[in-house]
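What follows is a single structure, and I will ask about it in a moment.
Chain lettering (A, B, C and D) follows the sequence in which the chains are written, and residue indices restart at 1 in each chain.
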Amino acid sequence: MKEHKVQSGWRHRLHEVIYEADTPAGKYFDIVLFFLIIVSVLLVMLESVDEIDAKYHSLLATFEWIITIFFSFEYIARIISIKKPFKYIFSFYGIIDFISTIPLYLSYIFAGSQVLLAVRAFRLLRIFRILKLVKFLGEASQLNAALKASRAKIAVFIYVVLILSVIMGTVMYLIESDEAGFTSIPRSIYWTIVTLTTVGYGDIAPQTNLGQFIATIIMILGYGIIAVPTGIVTVEFSKHGKKNKNNMSVVHTNTQACPTCTAEGHRDNAKHCYNCGDEL
Amino acid sequence: MKEHKVQSGWRHRLHEVIYEADTPAGKYFDIVLFFLIIVSVLLVMLESVDEIDAKYHSLLATFEWIITIFFSFEYIARIISIKKPFKYIFSFYGIIDFISTIPLYLSYIFAGSQVLLAVRAFRLLRIFRILKLVKFLGEASQLNAALKASRAKIAVFIYVVLILSVIMGTVMYLIESDEAGFTSIPRSIYWTIVTLTTVGYGDIAPQTNLGQFIATIIMILGYGIIAVPTGIVTVEFSKHGKKNKNNMSVVHTNTQACPTCTAEGHRDNAKHCYNCGDEL
Amino acid sequence: MKEHKVQSGWRHRLHEVIYEADTPAGKYFDIVLFFLIIVSVLLVMLESVDEIDAKYHSLLATFEWIITIFFSFEYIARIISIKKPFKYIFSFYGIIDFISTIPLYLSYIFAGSQVLLAVRAFRLLRIFRILKLVKFLGEASQLNAALKASRAKIAVFIYVVLILSVIMGTVMYLIESDEAGFTSIPRSIYWTIVTLTTVGYGDIAPQTNLGQFIATIIMILGYGIIAVPTGIVTVEFSKHGKKNKNNMSVVHTNTQACPTCTAEGHRDNAKHCYNCGDEL
Amino acid sequence: MKEHKVQSGWRHRLHEVIYEADTPAGKYFDIVLFFLIIVSVLLVMLESVDEIDAKYHSLLATFEWIITIFFSFEYIARIISIKKPFKYIFSFYGIIDFISTIPLYLSYIFAGSQVLLAVRAFRLLRIFRILKLVKFLGEASQLNAALKASRAKIAVFIYVVLILSVIMGTVMYLIESDEAGFTSIPRSIYWTIVTLTTVGYGDIAPQTNLGQFIATIIMILGYGIIAVPTGIVTVEFSKHGKKNKNNMSVVHTNTQACPTCTAEGHRDNAKHCYNCGDEL
């Protein structure tokens, strides 16, 4: 640990604060970021409500600028503190960070580009990283593992549901008239999925007796079909819970991110990144 | 048992009747209270139906007064029979009891304060305490324990659902027009949750092809997502059922509440409150 | 077996045909009855469709008479072939059989009494008895046993759902206006259950921001709550499936009904009714 | 393998390409077919959207002809390469292949016969065969086995749901007026299933207090009932998962189809069809 502190200086310290949460400063930074992301998303939401925007436009705009400036500094800090900046810039989070920051500046050049601010909602995903701080991480990774294990089964299931929807949607298009809302096959398929998933908006609904009869069959199918993913996930959870007890409490990972390639999930005692081999 | 009966006299006996259900009088009191709470809630319901209120206003008002007077006496009795009255007054139930009783008196001073009577619905929660009388208690505590054990997993799950809703809601706001009902981001998020939970009112529904396509994805996601809490709870139930057989039938609790601090769930053979240490 | 055939003569043979399904004649009778019940229910359905009734009224009326006459004979035969007729007449099935038969005769005296014919739908329940013929019986009894075992847990669950609905319904009544459909507390409770069960008609839907926010909470609650009965039933099924293998394949019941008291589910080798002790 | 290659010549090689996926040519053919089926279904969909059809009619028609000609050749090749052509022609897939190909030719003789093209959606089912190529097969067969094992239980369940729907539908027809949408018993049953499966379109919704009360009961029933298929399927999945580990990884099947009778699912080392006994 000692030698590479020497080697990297302030950029390394900045990296520890921004990308990691092992030091008090890093934790504090993550919590402030968490708070600001939520505020920024709330700001975009409130601006979209016409009544609120009409009343408090200047107040919201001020907050918008404060947050945008903070995000701009954060974006620059992220770039200069990492060893390979392009890896960050073209990563998923890098692009989202960029699009969440730039629109306010652009709005002076192109009208309407502010609409891109809505992309900020995606920054909420970053919270998953921050959440590592808290004990929920273990639970989340368990859920994740169970879902991954049942991925293939769920894919088959969704494929069957889609084929069924295409066939049933086509049949309903032939039976029902345009007046009932079945104006095209894609729209009929949309209706079939609305019905099969038991959402049932009612904007499109069968009017003929035959159409209602087939709708009934689709509903009962949907009622039965919903049992399948539930069964898959439950069995997987139950398996996973058992495995966990035996052999999964051995490896402890921490919240460090590799300063070179941003790979995460290193063992507590790791000295080199498992991905690029660089020192941590 | 003998000494503190001597010590506390009629206040102690009143406490036993009102707060506990071990004596015949206590059981009888609880059943009457149970019945009156249900009647009082039904009264508030019936008054809210315009046709019924128009016809039977005076009859309903009379019943309202009878019940309010009983509740007033009960409230005073609860205060004087407990050793630390403020603990009760500022407890959750104490506040609800107060708000369920006072509005009728206030209605002579402030018009419209009767609306607060609706708070009475919360008194129904007290029934859970009364239910301890019956055998359902064991079942309820089993359900409760299973839900508590899966609390962290369910929290992660709800968090994921909320983030997904914010992101999808924002996307739908950008795609769909105001005419379809997507007038603001908060409303679009509302729609996303309506869809993801498969409720599907249909007051807001996508009109464009792209909007309907994304709605389809949200529905299938919701269809799959519903499997997760089910899986979590099922596994927890199944675990808990097994544990139960081994080591949980040892401790028997009773319906006594501590006369000092109102803590509940004492062992049958307890002589002192596990919370404040006072004699029971 | 020999002696009581002698003893009871044709009434016993009639009883065997009508109430049991062990003899070929009994099976044949049950299948004809099954078919006629379905036809009679279809007739009532078709008559309720205005267009069909207008076209084929006389044809439907003829069929109606044929079936009613058959049902009348069956009803009389059921009474005379049983040892204690009043036990049948005032049993659940006895009353339904009577109400399914009599309205057509009554329609000559009281106009509109034909509406009672709809009660015939309840005769479909009789099919469960006839179904004993087929192998599904074992499956049905397994489902039944699992549901019975989880009865108490499901009762607690429904109770919690109802209290939650009353409280949430009252809160929504206070928040939302009459225009949105929340005209009274009972109607608001109706809306809450529509939402909590994820049905979501959309005839009543919140309009205000606060109302939509609370609706969102109710939906997510409902989404989580649905996991509870599923978990309960799954665990019970899984337990029951295991028990079954060990000790439940020993007792075989048959489709005989006691000629005296109509009790069912006798062991194959039973000679006396387990309920009234009479000979089978 | 050697001898029957000699025996059958080019017809056998054609059979290997079209019906099987063991050779590179066979795999390539299946992938092209998969792609063309999806394109053909998309074409029918796009033609049904009025705006798109108006703009790109000639382009779509050209593609339609190209695909129809390919399908025609495929259909003829399937007939001549099989030993018993009638077995294919009158099989499920044979009929669908015919109906997916012929309407375009017919449209020159009978106007409107193009509507039959929608039958093509059923060709998507063929993809299940092609999917054998990929690893999903094992997962699908597991799902399938679990569903088959719980078939009887699910049949009982659906039967109970249907009877309940008929009874509840009839009751609602008697309670609710025509204005609310309950115009006939079949329509009321349709509404009951819409409610019981928690779809809830809202095109038909109860207006009276009694109707809404019964609707509430139906919803809570539906909420509980949905637990049953889930429980059944979950237990079956969990059983099946355990079995799998012990004794099901022994028999390996391949994607060969018998050239005589088209039976599928032969063991890897099979030399004769398990169905007709002919050489593979």
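Heads up, the rule we're going with is that contacts are C-beta pairs under 8 Å (C-beta built on N, C-alpha and C of every residue); 3 or more make two chains touch, one makes a residue touch a chain.
Here the structure is a predicted model, which means the values were calculated and not measured.
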Chains contacting each of subunit A and subunit C, listed by label: B, D
Proportion of interface numbers common to subunit A and subunit D (over half same, under half different): different
Chain at maximum distance from subunit D, centres defined as averaged CA atoms: B
Centroid distance [mean C-alpha coordinates] between subunit C and subunit B, Å: 33
Averaged-CA centre spacing for the pair subunit D and subunit B, given as whole angstrom: 47
Touching two or more other chains - residues of subunit C: 186, 189, 198-202, 226, 230, 232, 234, 238
For the subunit B and subunit A complex, residues of the former touching the latter: 152-153, 155-157, 159, 163, 166-167, 169-171, 173-174, 183-186, 189, 195, 198-202, 205, 209, 212-213, 215-216, 219-220, 222-224, 226-228, 230-232, 234-235, 238-239
Interfacial residue positions of subunit B with respect to subunit D in the complex: 198-202, 230, 234
Subunit C partner contacts - residues on subunit B that touch it in the complex: 41, 44-45, 48-50, 115, 118, 121-122, 124-125, 127, 131, 135-136, 139-140, 142-143, 146-147, 154, 158, 161, 186-187, 189-190, 193-194, 197-203, 226, 229-230, 232-234, 236-238, 241
